[in-house]
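A, B, C, D and E label the chains in the order they appear, each numbered from 1.
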């Protein structure tokens, strides 16, 4: 899964019907220094994440598992919230 | 899902039969400043998107879900249209 | 799907049995100016493409759909031929 | 599968329920000289790996196979530990 | 599928049980000049490839098809050996 920061939301009135009622967030994937790297993604939220939080998201078909509906067309779903930034990269 | 701008269409007389009757659009994925980044993709349209619109598309097997046909060979399908550019990255 | 140019073929006497009798082509993915970008791929051909043609290919599990055989181990299949280069990126 | 070094762990109190009780590790993918390359990933551990070990991880839907639960939303799972660094790239 | 050169092997005593008895090879993906490009991968071998050979490998769920076991957690499997380097990129 990718480490990312939630940086915004998306409002989409027109969308595939199986996405109705879902919350869309913009997530920015991070590098080893927790700095932005790569393109932001539109993610579905499966855990109740909010702006600014450090999360990890899952891609691919597995990204639709949390919705218990095989036909949810998502390839990017937030599946966990990291407790705090300092909990990452504790190499010791 | 990836944020992208619709930048063109594709005419393909010769194609796999399960793609007959589908609309193909060229989408350009965008970075955090909504500037083009990476290669354009040939996308199937599941929501009625048009040239110039800001959309988000889904990759992988999930991209075929909107067509209710398991055998649609697509790995890039537009599943939503963003209401306006200003609705993105509202970090506040 | 990715826009690409067919740039060669591959002869492989030793291959997985479910690939027997398939035509392998080398495709080079293109950027927004139809210039080569990224690594070439070995693709299965599902539409009768030939050297020099502008095509689009599909990746992932969906790439095996045209073969009506779930067990075809391909992640890159040509599913359409673009009618002409000038049909792409008609933004107008 | 990708070669990677385990470089840390993640604590996530809030996560998708099917991830309860799983161990999360941060892995850094490596290049041909076993130097870090690309973004770190949050991985599930299926073999008992620890910090500093050289491992290889699997992505995509296959990443959920070791858990014998189709609904585990993971796209990055550690499936093997390399016996020692010197066992890699023995071209001879 | 990706063109690659076999550049080494991996010894992994500790691994997921469904990988027991499998041969692991390190493959280096190549660019259009058959020069190394990108990160090396740990691949399962489904065709009997050896060090130095030019091969092509398949990623994703399809990579597990040659093993006739859905639960083989691999996302990189060698599915063919190219007869000779000169058989590639014959644009003529």
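Criterion: a contact is a pair of C-beta atoms (placed from the backbone, for glycine too) under 8 Å apart; a residue touches a chain by one contact, two chains touch by 3 or more.
Predicted model only: the values in this text are computed from it and were never measured.
Engineer: Smallest number of touch links from chain C to reach chain D?
Structural biologist: Minimal hop count between chain C and chain D: 2.
Engineer: Chains touching chain C and chain E alike, please list them.
Structural biologist: Both-contact set = empty.
Engineer: Quick check for you: after a Cα superposition of chain A on chain E, what is the rotation angle, between 0 and 180°, in steps of 5?
Structural biologist: 145
Engineer: In angstrom, rounded to a whole number, how far apart do the mean CA points of chain A and chain D lie?
Structural biologist: Averaging C-alpha atoms per chain gives centres 19 Å apart.
Engineer: I'd like the Å distance between the centres of chain B and chain D, where a centre is the mean of that chain's Cα atoms.
Structural biologist: Chain B and chain D have C-alpha centres separated by 31 Å.
Engineer: Residues touching two or more other chains, restricted to chain E: which are they?
Structural biologist: Correct list: 59-61, 63.
Engineer: Going by the touch rule set out above, what shape does the chain contact graph take here: line, ring, star, complete or other?
Structural biologist: Shape of the chain contacts: a ring, since each chain touches exactly two and the loop closes.
Engineer: So if I start at chain C and go to chain E next, what's the full loop of chains?
Structural biologist: Loop order (chain C start, chain E next): C, E, D, A, B.
Engineer: State the interface residues of chain C toward chain B in the complex, per the touch definition above.
Structural biologist: 1-3, 29-32, 37-38, 46-48, 56, 58-63, 65-66, 68, 77, 79-84, 87-92
Engineer: Can you list the residues on chain D that touch chain A in the complex?
Structural biologist: Residues of chain D touching chain A: 7-16, 18-19, 24, 26, 28, 36, 39-43, 51-52, 59-61, 63-64, 70-76.
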